[in-house]
Amino acid sequence: VPLTSAKPRCMSDCQNHDSSVQRTHFNLFCRTMASKTPVGFIGLGNMGTPMAKNLLKNGYPVIATDAFPESCKELQDSGAQILDSPAEVAEKADRIITMLPSSPNVIEVYTGSNGILKKIKKGTLLIDSSTIDPAVSKEMAVAAEKMGAVFMDAPVSGGVGAASLAKLTFLVGGVEEEFNAAQELLTCMGANVVYCGQVGSGQAAKICNIMLLAIGMIGTAETMNLGIRLGLDPKLLAKILNMSSGRCWSSDSYNPVPSVMEGVPSANNYQGGFSTTLMAKDLGLAQNTATNTRTPVLLGSLAHQVYRTMCARGYANKDFSSIFQFLREEEGQ
Amino acid sequence: VPLTSAKPRCMSDCQNHDSSVQRTHFNLFCRTMASKTPVGFIGLGNMGTPMAKNLLKNGYPVIATDAFPESCKELQDSGAQILDSPAEVAEKADRIITMLPSSPNVIEVYTGSNGILKKIKKGTLLIDSSTIDPAVSKEMAVAAEKMGAVFMDAPVSGGVGAASLAKLTFLVGGVEEEFNAAQELLTCMGANVVYCGQVGSGQAAKICNIMLLAIGMIGTAETMNLGIRLGLDPKLLAKILNMSSGRCWSSDSYNPVPSVMEGVPSANNYQGGFSTTLMAKDLGLAQNTATNTRTPVLLGSLAHQVYRTMCARGYANKDFSSIFQFLREEEGQ
Amino acid sequence: VPLTSAKPRCMSDCQNHDSSVQRTHFNLFCRTMASKTPVGFIGLGNMGTPMAKNLLKNGYPVIATDAFPESCKELQDSGAQILDSPAEVAEKADRIITMLPSSPNVIEVYTGSNGILKKIKKGTLLIDSSTIDPAVSKEMAVAAEKMGAVFMDAPVSGGVGAASLAKLTFLVGGVEEEFNAAQELLTCMGANVVYCGQVGSGQAAKICNIMLLAIGMIGTAETMNLGIRLGLDPKLLAKILNMSSGRCWSSDSYNPVPSVMEGVPSANNYQGGFSTTLMAKDLGLAQNTATNTRTPVLLGSLAHQVYRTMCARGYANKDFSSIFQFLREEEGQ
Amino acid sequence: VPLTSAKPRCMSDCQNHDSSVQRTHFNLFCRTMASKTPVGFIGLGNMGTPMAKNLLKNGYPVIATDAFPESCKELQDSGAQILDSPAEVAEKADRIITMLPSSPNVIEVYTGSNGILKKIKKGTLLIDSSTIDPAVSKEMAVAAEKMGAVFMDAPVSGGVGAASLAKLTFLVGGVEEEFNAAQELLTCMGANVVYCGQVGSGQAAKICNIMLLAIGMIGTAETMNLGIRLGLDPKLLAKILNMSSGRCWSSDSYNPVPSVMEGVPSANNYQGGFSTTLMAKDLGLAQNTATNTRTPVLLGSLAHQVYRTMCARGYANKDFSSIFQFLREEEGQ
């Protein structure tokens, strides 16, 4: 049974942990020596590469691959071993992290003809950090279980910056007994690792958060725009909202109005941050999930459509807080 | 000029304030003696009555009136003098607070045949705490200025409970020189008094906050419902949202899902709190203001329509967080 | 009573109508002779000018005015007498038509210091063809009745082209007994004159039609765009919709997709037709009316916001069918 | 190549068609004799059963199956042969029609372990009349082509009544050369058979129509409700809309207001017709398709959410025109 496989995996790094004194010795040992068993990493994009680097920094040998060979160069230079396919990675590593753009990529990497499951070892721990449909996560978990492996979903909150600084939040779904084993790796790459429940729960939590974020952001942009047109000073309005019941993360930590806050995309012409096109993609996922569970999401749907419309009107690559700019009167009008 | 009229009014309470030592003496004097000049109060509803009582508690003689004589009884028993019309109140008080249900009531009380402006004294300070269209506030200010008086809008945030406990927040718009004079009275009835800018700015800030609140609440209800259907524990989901970018006042301070928080309407079958019908009314105001200023409010409009639909389906008198219940599958489905 | 004043007015044109034979004689007489009494016309904009010209063509002497003297030139050249103010027009004509941009203009022209009601003759018939809030129409009717005059609302459907060709549709609200008197004039300027009920009903019908039109147009644009992206030929898709339950005026008579139909704005780069900014204005009226009557209009509100957003993004002066273009992917994306 | 297989299939019915004289003889022959080759029919629900009966009435032997054996009884009594699985049907018939509830059913019936493709004969014509995602139709077409068969999608417009009366409209997608062969069968069950383009086009057209229908219906309900609240007579309002630019199928052929029209569900307490839950399901399909093609559908999405909300509030089994009732003020409010 895969559930009991957790210990041997832990053991592989830690031969001796009888007492707390010894544990400290052991931890020191682990940190300094390359005796840790290798970790597989599949998907070396903008997020995957810095994540894998943080595993290397923490002393884990990394065996990696990507559909685009050129994406592997940077990690290879950092000391990772590069292989040709997910199947080859699965032959060599019994802990594998995947970080892929969308559901079809995940299905291909796990169940394709050169996929992980073709050569997976019994007891392998699979952690998928892609943001995908929770239903696909559940399918992958079933397929993994048939091979004697364990699949967990662990999508992230936080962008490229947080990935580089190992400040990501991981939302983890899967068998609770395996959570510690996953946490060991995820803490190398993130500041928070939250257990959300059964397989798919990490995706569910991720999707819920992004939907509410989108609603709050559009709402904040509309509200700030309305207040400004009514003659209010934007900084003062933000301050009033933030001490009142209108307060939300978009108003107090990521205000979309230029000049209200520093260090946010609105202060930098909506460069950087989280792009409108990625927001639209994630909201599409939220919409699909809501449709499949027959859940009414009136504002969630409209938020999706607003971001989709923005993509059609030239805002695809701007930060999603550029909704404020989108709603403003055009110059010359 | 009305602006210079502030001093005489202050003077009426404070004969002597040459030095800070003397000021302390003076303040003690003011608090303990009934020498304060009377304050007019018009509109003795659920909010107005406890507000006026707090003026009495702070030693201000109150001269009050209401369109419904029976509404005056409670305040009369508390020691207020009751007169027959706004005009009569204006004859006797040079500081008047109004707390009325909607724009037409405000227009009538100020400019009607027995209205305040018919008998107002030069230099009178008028403070309107009703929630109305900022355009009406501006009209009233112009009309008051013609009579040598000063009008300020000071709508409140907080309900009947906050009114009783003098914990309201006042959002004040008007001439800045008069703000101190208004603050003196408003601090008797509220915990926060915020200066928002020129006349109408208090209303504008109030409307902005309520619109963003409504969006955040519906968004939170949709999101919590979606998460629950995806198998997440509601308390855990709320915790995750509140540590992430989906966080908002409705998720962390007024969660609409029964059992997630204590002491909120959702924990009490959506009794108490802020009713759906009042929310729909305020959102109507936000919509009018947005229409008049040609401001696109896509989510704000939809939030308005959702609350209006709830009113049509039997939710008028429930707290506005009952949107969660409205979106849930009916029993027996 | 104004209601009985209808006959004298009719009589002024038609001395003798005892039998159908005589009526025919009379009609001929009316058409050929300039013995008709003058008609007042206030508001000589893009719509008002061709409407007034059609009265002239039908043999009615026209006495007109406009807030902008330069607007009067064209009608003066056509033979109308130009006066300085609505009050002066009211002194000379006992039938007056008004065609103004919005509610405040109507209020000013009727009740302002140089307004119609200042010098109105008893028994005058007032017909307002402006598109305004039905509540304002009702106010004007009350004010007119106090002066012994009759006010009817008669907003039009159809644009500048229809106005020139006397093909407008008039939606008439007011006392039924006066309908014939109004119809006599309106048939000179339109092809259809529909009696809708009490005062304000014309406006109500107009607002209802425009709201459903906007919903149908946006829906058609979204649907055509979706079908095209799914690989359907636009002409074929339009044909299928038009023989099915998706059929609407926007799909079968004013299709927003270039190349599907000829002679519509979409075939002419969205020039001409009914501008997005006017649509947004009329939808604002619909929204106000819905808010005042507490009617939920979920799609109606969103349609309003979509057109308002288009105005902010540079589509203000294009025909309202340009929503199709607005939703399309931008070139280079 | 499957494309050339059309003729042999035709031939199987028509041994001789060298001249038009002979063709007439042949047609008579076909109509009167039971020599027609059998047609497979899979999916004997409310729609499938009357459709298959119409094939029997037209002289086609029918070989049928359904996942629920009890659903087969009625058709068996009408003379059809019942088999145990889609695979068995495919062994015996070279023309097969499927009519199933949703995409997963279609995938199972075609590609499952007892599916059609397991035992399909080369040259078989497969016609799927289910309403499903066009992407699934395309997948099935590819899978069928690999087996030397031809797949066409032919979803229907019209309900159970139209199915019984052979008055359905079929929207057909697939290889144009096969259209005649499909039409031969479909005309037995429907009044209109429209060729829409390549495989998936039938589904695309169906989805487009249903989305625009939903938007038109909600828009009509909102508009009629607004007009009624403004004092207009509903029949008169419907008449005005139907002669104006607000006209749509929902206003002129299926008006949602009781008493405006006869013979529609609104005249019968919203019984019969097309249920809200089926509308919500089809709109979910439209939403998925729009999401996958990145098409903004602002009103289409909201219409989906409104019908989804109605399902949550007890309207699942009422006709979709009950949106009018849903928006009305509840009694006792």
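Note that the chains are named A, B, C and D in the order they appear, and that numbering of residues resets to 1 at the start of each chain.
To be clear about the criterion, a residue touches a chain if its C-beta (ideal position, glycine included) is under 8 Å from a C-beta of that chain, and two chains touch if they have at least 3 such contacts.
Given the structure is predicted, the values throughout are model-derived calculations rather than measurements.
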Moving only to chains each one touches, count the minimum steps from chain B until you reach chain D. 1
Please identify the chain with the largest separation between its CA centroid and the CA centroid of chain A. C
Could you tell me the distance, in whole angstrom, between the mean C-alpha positions of chain A and chain B? 43
Roughly how many whole angstrom separate the Cα centroids of chain B and chain C? 41
Flagged in chain A as touching 2+ other chains are 294-298, 302, 306, 309, 311-312, 327, 329
Once bound in the complex, which stretches of chain A touch chain C? 302, 309, 311-314, 316, 326-330, 333
Contact footprint of chain B on chain A as seen in their complex: 134, 157, 169, 171, 192, 194, 196-198, 200-201, 204-205, 207-213, 215-216, 218-220, 222-227, 229-233, 236-237, 240-241, 243-251, 253-254, 286, 289-290, 293-300, 302-303, 306, 327, 329
Seen from chain C, its contact residues with chain B in the complex are 280, 284, 287-288, 291, 294-298, 301-302, 304-306, 308-309, 311-312
